[in-house]
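Both complexes shown next keep subunit A, but they swap its partner, so subunit B is in the first and subunit C is in the second.
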Partner chain A sequence: MLVLVMRRAGMALPTLFGVTLIIYLLLSILPGDPLAGLLPQDATEADRAHLASSLGLDRALPVRYVMWLDDVVRGDFGYSQFRRREVAELISVAWRNTASLAVYSATFGLLTGVALGTLAGVYRGSRVDRFVTGFAIVGLSVPSFWVAILLLILFSAQLKVLPAGGLATFEHGAGNYFAHLLMPVLSGSMVSIAITARVSRASIVETFHAEFVDTLRAKGLREWQVLAHVAKNAASPVLTTAGLQVGFLLGGSVLIETIFSWPGLGQLVFNAIAARDLPVVQATTMVIASTFVLLNLGVDLIQMIFDPRLKRGA
Partner chain B sequence: MTIANPVSSAAARWAAGDAPARPESYLQASRRRFLHNRVGLGALAVLSALIAMSLLAPLLTSYDPAIGAATARLRPIGAPGHLLGTDEQGRDMLTRILYGGRMSLIAGLTPVALATVIGTALGSLSGFLGRWVAAVIMRTMDMFYAFPAVLLAIAISASLGPGLVNQIIALTIIYIAPIARVAEAATRRIVVSEFIEAARLSGASTSRIILTQVLANIFSPIFVYASGLVGLAIVTAASLSFLGLGVRPPTPEWGFMLNALRGAIYMNPWVAALPGLFIFLTSISFNMLADTIRDSLDVRE
Partner chain C sequence: MALRVSVPVAEHTEEPFAWTGTETSHDRPLLRVRDLVTQFPTRQGWLTAVNHVSYELRAGRVLGVLGESGSGKSAMLRTILGLQPTSTRISGEVILRDRDLISMSPRERKDIRGEWVSMVFQDPMTALDPVFTVEQQLVETIRRHRPMSKAAASERALELLKTVQISSPERRLKAYPFELSGGMRQRVVIAMALVSSPSLLLADEPTTALDVTVQARVLDLFRELKDGLGMAIIFVTHDLAVAAEISDDIAVMYAGRIVESGRLEDIVRSPQHPYTRGLLEANIRPGQTERPEAIPGAPPNLANLPPGCSFAPRCHAARGECWEALPHLTVVSPTQQVRCVLAAPEGAR
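Take a look at the complex of A and B:
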């Protein structure tokens, strides 16, 4: 068992490595002069050459990649000329904000999705089922940024009950805190609810209406005990999709954070792209992607614990 | 007693109009299931209308989508001369929606089409040749899988710069990996079957086997998966444009328009929400159509 865990964890390493490689290659083709804005107007060729060599920009690409990787592993994400701060500092602040939004969105999305999907699956064919299925297809077709704008129109522009953006900390009142969270969470989790509902429904339909359930009932188990058995069996696809959903949320955070002026990683990377702030873009993309890899690793490991079939052959 | 001649009795039955029909082929059965599905037909109708409107834009409206009148800003829906109002620069919304549809549809459909071709090629080669070829290709695909798709699209798009072509490239890249996975899995299932063995034994070359036998058989699951991706691609393309990573203004495009009208939500909310409505309608029509196709083809994945 431990061997399988180590093996699965080990698979994450080359993936992480590949992720850093892709990011570095991608951003090395970014057009524009990396030295722009770092030198005064009257800088001579010699000055430029000197700065370039001190930043290591005159070395070959593979060498630069290894140098960058070496820095990153040590926690040195570079320095942002644009924001005049250490990149690591910018990321640590933004990371907390994105994480809180992602956790709320993921929790809300997954719980609602599982609840709706389970209802639809258990009462298959009923009006509830038809409603949930219809809602799911609407939810996964709708652009999250449009939902955000519709919510803004309704709650901020028309009814004027919710603030249009920004972040509020818990110390300044719980009501205010949640008021700022409500619309970003709702718009960000819409697709999660839809996909999770669909997957849960399919999974429940497969297990709840399977033969082993009749056997359990025939054995004399009470309905809630049957449900517990069903839940354990139905959990696997839902867990897998949960990991993917969080990834989707992390990616979609760029849109939601931009619309609601939420100072997170999404907004950070977006502004950095606009400003051609290379170190920030590299580091932020890497942090988000690495989180995704580690999260999926976690999901896979949890699944291995719960599903004995996976324990036997990874 | 003479034994009845089976041939002439069958002929006699046929002449009397009594002969049994040939059993329905798979495709005929699929088409029948599709045509009986009202939701699917509805989605197809909506989609055809949207595509037709975009293509026929010059015939349906006489305004120039790029030129606006500063005095006519943010007119409401139903204003005289402007059926859907005007945008923040005084340009007619109906015109911009119609022309914008072209960009949005192209940016959504082209990447899926290209990714299907490339992904199928990579996946079927992996599934067929196996071993180290498959290992190299599929591990590379895994590295792309490690990214949240939207983030990767943003990163690629940002590296290449704004513009329709770069947007299409970025979206194509992110969809190659999932399609390659589907193609590889489907190919591996087919490869172990007997008719492939037969083809191999009869001396057919690898490329011939792939082109004739494998592709025809993996077509169904790949087509179903790819058609499911189109709706998502349209929304993702609109997301990129929303962030300014797509077509450059003043070319209209739904995602970009939605962002540009963000400031207008206090003054004219209905017009501000309009581009998003069309993105949603297109996406949901494609998704419903894809679901119907999947159900008609009766693919059990």
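Take a look at the complex of A and C:
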């Protein structure tokens, strides 16, 4: 078991290495002069060469990549000339904000989605099923920013019961903290609810058709016992999509964070792209991609708990 | 008489079943199926999978139900067990231990499943839950029927595995189904069906998915269980050789109806129905050189049965009257009955 976990974790390393390579290369071949925004209008060629060499931009691309990678491994993501801050510092603040939003959105979205999907799957063909299926289609088709704007109009502009944006820390009081979270979480988790509900419904319905379910019923098991068996068998696709959902949420939603002025990763990368703040774009992309790799690793390990065939077979 | 088939003369008319008052409960058959009809809704209307089937079965006997795919064998077993979807239309009686299962509440039926009657399914590869160990699946079944500690249930699970003669049972208990061979899995499925020593065991082609050698050993096991535990078994198969190995009585099903029934030796020695003869001829006998004779054609559409004998379109001996009305049941001998106009009644020969 431990060997298997180590082997699977070892497989994540080359993936992460590939991620760094692709991100660095893609951003280096991007058109546009990274120095242009940093130099004053009247800078001379000498000034330019000086800045380039101080930033290491006069070296060959592979050398620059290795230097960058060396820094990244040590947790140094460089310095943002634009924000005049260490990139690592910018990211750690933004990541924490995004993560707090993501944890609530994921918990709410995945739990609601699984609950709705299970209900629909167990009572397939019923009114509950039709409602959930319809809701899932709406949830997937309606853009989350539109929901966000509707929520803003209703709860902030009209009813004036919720703050229109920004975040509050826990020291500002629990009520205040959750009031700021409520609308971003609701609008941000819409898609997660819809996708999770659809996937869990489909998986549960399919599993109910499996022949072992007949055996369970033939043994005289109660319906909740049958459902427990079905649920464990149906877990795999739900876990896979759940991992992706958490990944998306941890990457920060540019739209949701912009609408609710939530100082997270989405907003950080959005502003960095607009300002051609290369080190920040590189670092945030790196963080988001690594999050996905690590989440997939986590999901694979959890899958082993649900399906013993993965544990012993491979 | 171990097996008696009673089929109403005309469809949809209930033939009074004569139960003599002199019979004590000891003589009474364990299972009485009377006029059982199972219909599924389809776009073309109601599909009659089980068509006015009646028979009796005593404890310790094995009834082999023989027929090709789609003849209603499995549907009949699932109806007895109560596994049919709620959209199914079921009528008739299934009287087990003097209780009619068909008129029971779903809750009562659930309590009886695995307790009085249990089932062994065709494919052991898919009949077990892949993500639970053998022990977990046995223990939950045991505890569902007999409240006891997990440790005690594990003990019992081990005993059951020994009963079904699994090699190194302690190790198999901890195994997941995918770690067992097909034969071992089927033994586990059988063990699961034996948990509460049911009076009636339904076996739906339990050896079909197994290799021939494994098949023979699983058949041996069934025979030992029958003798040792004294339960009645309904053994459904399409394979005459398998049916001959295990059955005391045979019922031949065609298009949802029982067309012929009798003791095993009656059916094998003097088959009366052309369909039964066809089934016998389709088997390869030792020393046979020519190709076995296959029955031409295919079974009829169960959603739209012809008024006469359902086998008439495929029968080489069919004549005018066969197409007009369902043949009466002919009593060929005290132990053999057939639903064919060609059969000579008892004493007429």
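Definition applied: the second predicted complex is superposed on the first by the 292 of 314 C-alpha atoms of A that agree within 3 Å, B and C clash if a C-alpha of one lies under 4 Å from a C-alpha of the other, contacts with A are read in each partner's own complex, and residues count from 1 in each chain.
Just so it is clear, a contact is a pair of C-beta atoms (placed from the backbone, for glycine too) under 8 Å apart; a residue touches a chain by one contact, two chains touch by 3 or more.
Small disclaimer: the values here were computed from a predicted structure and weren't measured.
Undergrad: Following superposition onto subunit A, is the placement of subunit B relative to subunit C best described as a clash or a fit?
TA: fit
Undergrad: How many degrees apart are subunit B and subunit C as seen from subunit A, counting from C-alpha centres and rounding to the nearest 10?
TA: Seen from the centre of subunit A, the opening angle is 70 degrees.
Undergrad: Based on the superposed arrangement, let me know which partner A:Thr15 touches: subunit B (first), subunit C (second), both, or neither?
TA: First partner only, subunit B.
Undergrad: May I ask you to name which of subunit B and subunit C touches more residues of subunit A?
TA: The partner making contact with more of subunit A's residues is B.
Undergrad: Once the structures are superposed on A, label A:Ile273 by its partner contacts, choosing first (subunit B), second (subunit C), both or neither.
TA: First partner only, subunit B.
Undergrad: Quick one: classify A:Phe260 as touching subunit B (first), subunit C (second), both or neither.
TA: Neither subunit B nor subunit C is touched by A:Phe260.
Undergrad: Under the stated touch criterion, which partner chain does A:His229 make contact with: subunit B (first), subunit C (second), both, or neither?
TA: Only subunit C; A:His229 stays clear of subunit B.
Undergrad: Should A:Leu150 be classified as contacting the first partner (subunit B), the second (subunit C), both, or neither?
TA: So A:Leu150 only meets subunit B here.
Undergrad: After the superposition, pull out the minimum Cα separation from subunit B to subunit C in whole angstrom, please.
TA: 15
Undergrad: Could you list which residues of subunit A make contact with subunit B in one structure and with subunit C in the other?
TA: In the superposed arrangement, which is not itself an observed complex, subunit A uses no residue for both subunit B and subunit C.
Undergrad: Can you check the complex and tell me which residues of subunit A touch subunit C?
TA: Within the complex, subunit A contacts subunit C at residues 210-212, 214-222, 225, 229, 232-233, 306-309, 312-313.
Undergrad: Can you list the subunit A residues touching subunit B in their complex?
TA: It is residues 14-16, 18-19, 21-23, 26-27, 29-31, 137-138, 140-143, 145-146, 149-150, 152-153, 156-158, 247-248, 250-252, 254-255, 258-259, 269-270, 273-274, 281, 285, 288-289, 292-293, 296 of subunit A that touch subunit B.
Undergrad: If you look only at subunit B, which of its residues touch subunit A in the complex?
TA: 139-140, 142-144, 146-152, 154-156, 158-161, 231-232, 235, 238-239, 242-244, 255, 258, 262, 265-266, 269, 272-273, 276-277, 279-280, 283-284, 286-288, 291
Undergrad: Applying the document's contact rule, which stretches of subunit C touch subunit A when the two form their complex?
TA: Those in contact with subunit A are residues 81, 83, 110-115, 118-119, 121, 123, 126-133, 140-141, 144-145, 176, 178-179, 189, 192-193, 195.
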